[in-house]
Amino acid sequence: MFGFNRGKLLVATAVLATGGLTLSAVPAQAFSPHLEVGVSSTEIKLGVTLPMTGTASPGYNKVPGAMKAYFDYVNANGGVNGRKITLVVKDDQYVPTLAVAKTNELILKDKVFALLAPLGTANNKAVAAAVNPGRRGIPVLFVNTGYSGFANKKVYPTTFTMLPSYIVEAKIMAQYLKENYPDKKIGLLYQDDDFGDDALAGFKQAGLNFAIKVPYASGSQGVSGVPATWIGKLSAAGAEVVVLFGVSSATGAALGTAAVMKYAPKWVLGSVGGDATTIKALGVPAGVLYNATGASFLPATTDTTDEYIKLFQDINTTYNKSAVFDNNVLVGMNTAFVTVQALMAAGANPTRKSLIAAIERKGASFASAGLTPLNFSATSHVGFAGYWFGTYGPTGDLKPNGGAYTVYTTDSAGGAVVKSTYKRPAMPAKGLPN
Amino acid sequence: MHKLKSTNLTRFLFFVLLGVALFFLGNRVDELRVYQGATLSMYVIAIASIILLTGYSGQVSLGHGALMAIGGYAAAITREHLGWPIWICFAVAVLVAALAGSVLGTAAARLSGPYLAGTTLALAVGLPSIANQFSILGGEQGLLFDVGAPPASMGADFTQYKWYFWIAALTALIVMWWLQNILRSRYGRTWRAVRGNEVAAELAGIHVGKSKTLAFTVSSGVAGLAGAVLAMTISTVSPSAFPLSLSFSLLTGAVLAGVSTLSGVIIGALTLVATPEIADAISRRLGSSENVTTNLPGLLVSALLIIVVLLVPNGPLEQLRSARARKAREATHQ
Amino acid sequence: MYQFINTIFIGITSGAIYSLMAIALVLVWRSTRVVNFAQAGMALLSTYIGYEFIQRFHSFWLALFLAMVAGAGIGALVDSIFMRTLFRRVAHGPIAGVAPIIATLGLLGLIRASLGLAVGNSDVSIRPPVSNVGYTISGHTLAFSPLKLVIVSAAVFLMIALSILFSKTNIGLSLRASAFSPEIARLAGVRVDRVRTLGWAIAGAAGAAAGMLQTPSGTGALSPDSLDFSLLLVFGFIAAVIGGLESLIGAVLGGVLLGLVLAFVLTYMSGSLVFITAFVLLIIVLLVRPQGIIGMNRGRRA
Amino acid sequence: MSLEVREVSVHHGPIRAINKISFDVQAGELVAMIGSNGAGKTSLLRALSGLNRSAEGSARWNGFELLHTKPEILVRHGVSHVSEGKSVIPELTVEDNLNLGALWRRDQSQAHRTRQSLLDHFPRLAERMKQSADTLSGGERQMLAICRAMMSQPELLLLDEPSLGLAPLIVAQIFETIRDLTTTMGLTVILVEQNAMSALKVADQGIVLNLGSIAAIGSAQSLIADPKVRAAYLGY
């Protein structure tokens, strides 16, 4: 069977040769000596990997479109110091192997200046270890995950987080629950992996006791019958307040199934799975969300009295084909907005070093739609660290409790939960940083 | 067309030659291609494990991704907790995966086609979720697997990826050489006999069940090694690195390579690595809309798969061979 | 006690949904000896077609019927232009065992990606045609609603109707004969190609019913990347294997067994054990009976 | 009514299994086709019944071309083939195996009558109607296979090695049955056999195939009497 006749050797050689050709058919990219990789006289190139297809993609696949829309808006208004921003999007299907491969492509082939808003805990960890942007000095701006570990500057020296960590969220939520429902039986639904572990750590730190904790395996919310077992357990334990600390599809499945089983506790939704638009798109009637409690660090997506929301909605209409304006779009736009400020702060000819230094130096003063301050400094790469609580209206709009945003902040460690005194500065004219 | 005399020595020399060629290739291409070369080597090993199982012993597995996970985790745990040298970690990966494979293979030998497919599919879906049950497995974010920096003696511009590539390519060469040898041995002949006709093999005194279990065990061990190499290329192991789609793409690679022979394995691996990039390039050239860029790669890969299965089901090499055999026959008839 | 009863209901209703998919898989297996991984894609496509009909006619039931017709058409089309070519080309060798799996997987990807291109990767949703709010008995709401009743009835009805079709009618005899021995069936005058296509068509219709009924019973969302459909395929296949692949009654029994075991493990042990439980159950069943609950004793190697 | 075979060739890849052979079979005859292993008997039969559609030449039954026609169509034109090795489906019941042969017939009441008369002939099968076919003995299976073919009410019956793997006593029974069917139903039968002597004994005509060509043809008696045939094929 394995006699090496001449024919087979020929084929083997041919295969090797083709392989070699493919491998060597890369044009050596010429770049000017005085400009950083990914920066030319006319362009700054950024790259993102995230799930654009596959079962983890719904919702998240709207983020790049939103970021591109805001960059296009900036580009149409003169760009960053005359340079246009382009965003290269790669689909990693939420698989670490692909995330590493695609990030390598971004860095080695597309030669991007910085990585922007990569998604997923396992993906980011694999990229950090295998591609090692930290050692290469490549900025990883505003990772799109609340896993607290990425804020560790020693391990991830070039990484900045944007979302408040899950621990922060759990601590603040615990405080809220203790204040508002001191004598109620509280139940918790959480994802049985690092996402949930962070949450459990936060709740534990805050000293909140649950009457029942229901874990679910990531992905199992799509299996018929599984959500019904959650509701069965929660209702059997008599939980009067239920915290849903999972992804949107799990939150949606829990709410939908609870309606079927006529189980109506006071719902408290975590921010990851708390976007009304996404939940409604999952087929859950808005009425189910009515009166539930939600949390966010950005203004409500329907709050058109907010100058940022109004601007982002306009940009969304013009540059994003009027995609449904949900929290994913809002997060994308706001991330792009902060990114532009960071690029501007990095100087006339930004380098990777100057970009990181700029965020460390000026990051805390960057404008943003966020209702809590960005905590960037030379010692902290943590972005937002606060939440406000609101109630979902009959159509699913999240409105702040008491009519105004009351923001609580804390940290991922042992710090106390405090009411924020932060007053968001006015938006730069036309939402264009200068 | 006369056959060169094939001995263990010529075969060994062929692989040494191939190794030397790869060594020079690794020095000539850029960093990204070197990295892809490591991935390619990983796929070569993984696809070989599938071909061994399906092509040579007639069993179908939809769960080799899970066996790769076992190998990957075994290597990572050995490295992290015991700090053993990398080649011992790889050996542990092989052993642990082979052990799991022998348990599974014992069950598999009793099952006919679709039942085995169902069992392995359930394994591929079920196994990764174990990672969140035991803290030693590191949960969703997984474990780090650091094979270490290249030795200083290699020089300052010897990159980490080149080191990965060297390790992966050397592993792949050794595996392929060893597999070619084992397939020419008594075991290889037994497997082929069983694949050809179970009843006849049984009558010829072959213990069919044992033979199948052995094939499953060897294949699992090789898959475990591929898992360790995969873990090396992404420096971590995590449940999501071994999704169901990995098992499926290995089958795809095996079909593209031609399941009936190991010699096409590089074609399968090359296609798996190159197609997404080619599709990406095409869709970017065509793609004005987000929708096209997102869905075109999937469309192209699926279409390629279907075309190959329909047009060259036994793989391009086998097709070439039979076409040539036909031509030779016609020539002698004239 | 209330929780115990509810767990049984949850098990039976989810089992019924796995059964619907399992029935479709068993149908194709019985008529062509192919494990049809494209079934999830075919069901997804049919359900999208059903969704379009709902938008047009505002009747779920009419749309369900039309989706089943469309599903039958898709099944017939897949077999006549696709599987027939495949079988002409790969009849022998090791590839014969994997080619149908690979081909149907490829088809699954093709349907997914084409749907993504055609309709985009965002969700649409299907409302339940009858109330999905649970029945209330003496103040307790059961995990069982009119919609779930429809689903369970549909699974039972399909099982009975198709079992009768298979075992009592001439068409059924042709289907079985073509599956077991195409050559002998041909020699006996059965138009095997047409009969196989018919088998695929019936499976396509059953798959469409599974998709149309499972969608509103979950959250109602439908997208080309729908996790629910991949999982439906996996759990449907596991149910079919547990049941024995040869028997429609086995498919339903396998589905319900899987549903019940999952419901009890999730409720009384841990919510994290879904996928492991499915695997362990499958292993246990196959260790005791390698041919499934209702499989043939002298199972053919295929 | 007759079968006219003209210059038929069958290839298996590069090997020519049947090389341009021609012969006639008259209606109502039982023809035994004998020859050693690999002589091409089965190849010829499979070409006549449409299982191998790559044959060249022409074979007409009452003017209807058999070559290149699908077996399921040939059945509708009165040609039935019982393939080598007990052509029954073991997973089905005896009843289902029988019924299978007449599924294509529009007139099912006619099929019912055929079945009744066959069952009268073969009471052993009648007793086992609800059992699965793999519970039958080898001889019973062969009977069932022949009955299944008879359910199509064929005019031309092609039988491939019905004696394969059966005890001599059973073989004799089967051949008697075939002879009986030929006579009582006015069938034309081509019986391919290794078991040359037994076959020729019940046959009207005999054809001896050797390496894809006709080595001898004639009445069964004359072939039995032919010393060369005796030496080469009848073993004495």
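Order as written gives the chain letters A, B, C and D; numbering starts at 1 within each chain.
The rule is simple: contacts are C-beta pairs under 8 Å (C-beta built on N, C-alpha and C of every residue); 3 or more make two chains touch, one makes a residue touch a chain.
What you see is a predicted model, and the numbers here were worked out from it, not measured in a lab.
Student: Out of curiosity, which chains are bumping into both subunit A and subunit B?
Tutor: Expected: C.
Student: Could you tell me which chain lies farthest from subunit D when each chain's centre is the average position of its Cα atoms?
Tutor: Computed centres place A farthest from subunit D.
Student: More contacting C-beta pairs: A-C or C-D?
Tutor: Pair with more contacting C-beta pairs, C-D versus A-C: A-C.
Student: Between subunit C and subunit D, what's the gap in Å when you average each chain's C-alpha atoms?
Tutor: 42
Student: From the mean C-alpha coordinate of subunit A to that of subunit C, what's the distance rounded to whole Å?
Tutor: Going by mean C-alpha positions, subunit A sits 36 Å from subunit C.
Student: Where the centres are mean C-alpha positions, what is the separation of subunit B from subunit D, in Å?
Tutor: Inter-chain centre distance comes to 50 Å.
Student: How big is the gap, in whole Å, between where the Cα atoms of subunit A centre and where those of subunit D centre?
Tutor: So the centre of subunit A lies 74 Å away from the centre of subunit D.
Student: Provide the list of subunit B residues touching at least two other chains, using ranges where the numbers run on.
Tutor: Residues 129, 132, 294-295, 298.
Student: Hey, what residues on subunit A touch two or more of the other chains?
Tutor: Where subunit A meets two or more other chains at a single residue, that happens at 52-54, 61, 192, 217, 219.
Student: Under the stated contact criterion, what part of subunit B meets subunit C in this complex?
Tutor: Those residues of subunit B that touch subunit C are 54-56, 58, 60, 62, 107, 110-115, 117-119, 121-123, 125-130, 132-133, 195, 198, 244, 248, 251-252, 254-255, 259-260, 291-292, 294-296, 298-299, 301-303, 305-306, 309-311, 313-314.
Student: In the complex, go through subunit A and note every residue touching subunit B.
Tutor: 1-8, 11-12, 15-16, 18-20, 22-24, 26, 28, 52-54, 61, 64-65, 89-91, 93-97, 100-101, 104-105, 108-109, 120-123, 125-126, 129-130, 132, 147, 149, 192-195, 197, 217-219
Student: Using the touch rule from the top, collect the residues of subunit A that touch subunit C in their complex.
Tutor: Counting only subunit A, the residues touching subunit C are 52-55, 57-58, 61-62, 192, 214-217, 219-233, 236, 249, 252-253, 256, 259-263, 281-284, 324.
Student: What does subunit D use to touch subunit C in their complex?
Tutor: Counting only subunit D, the residues touching subunit C are 49, 51, 70-72, 75-76, 80-83, 87-92, 96, 99-104, 134, 148-149, 151-152.
Student: Flag every residue of subunit C that touches subunit D in the complex, lowest number first.
Tutor: Residue positions touching the partner: 170, 173-174, 176-177, 180-181, 183-192, 296, 298, 300.
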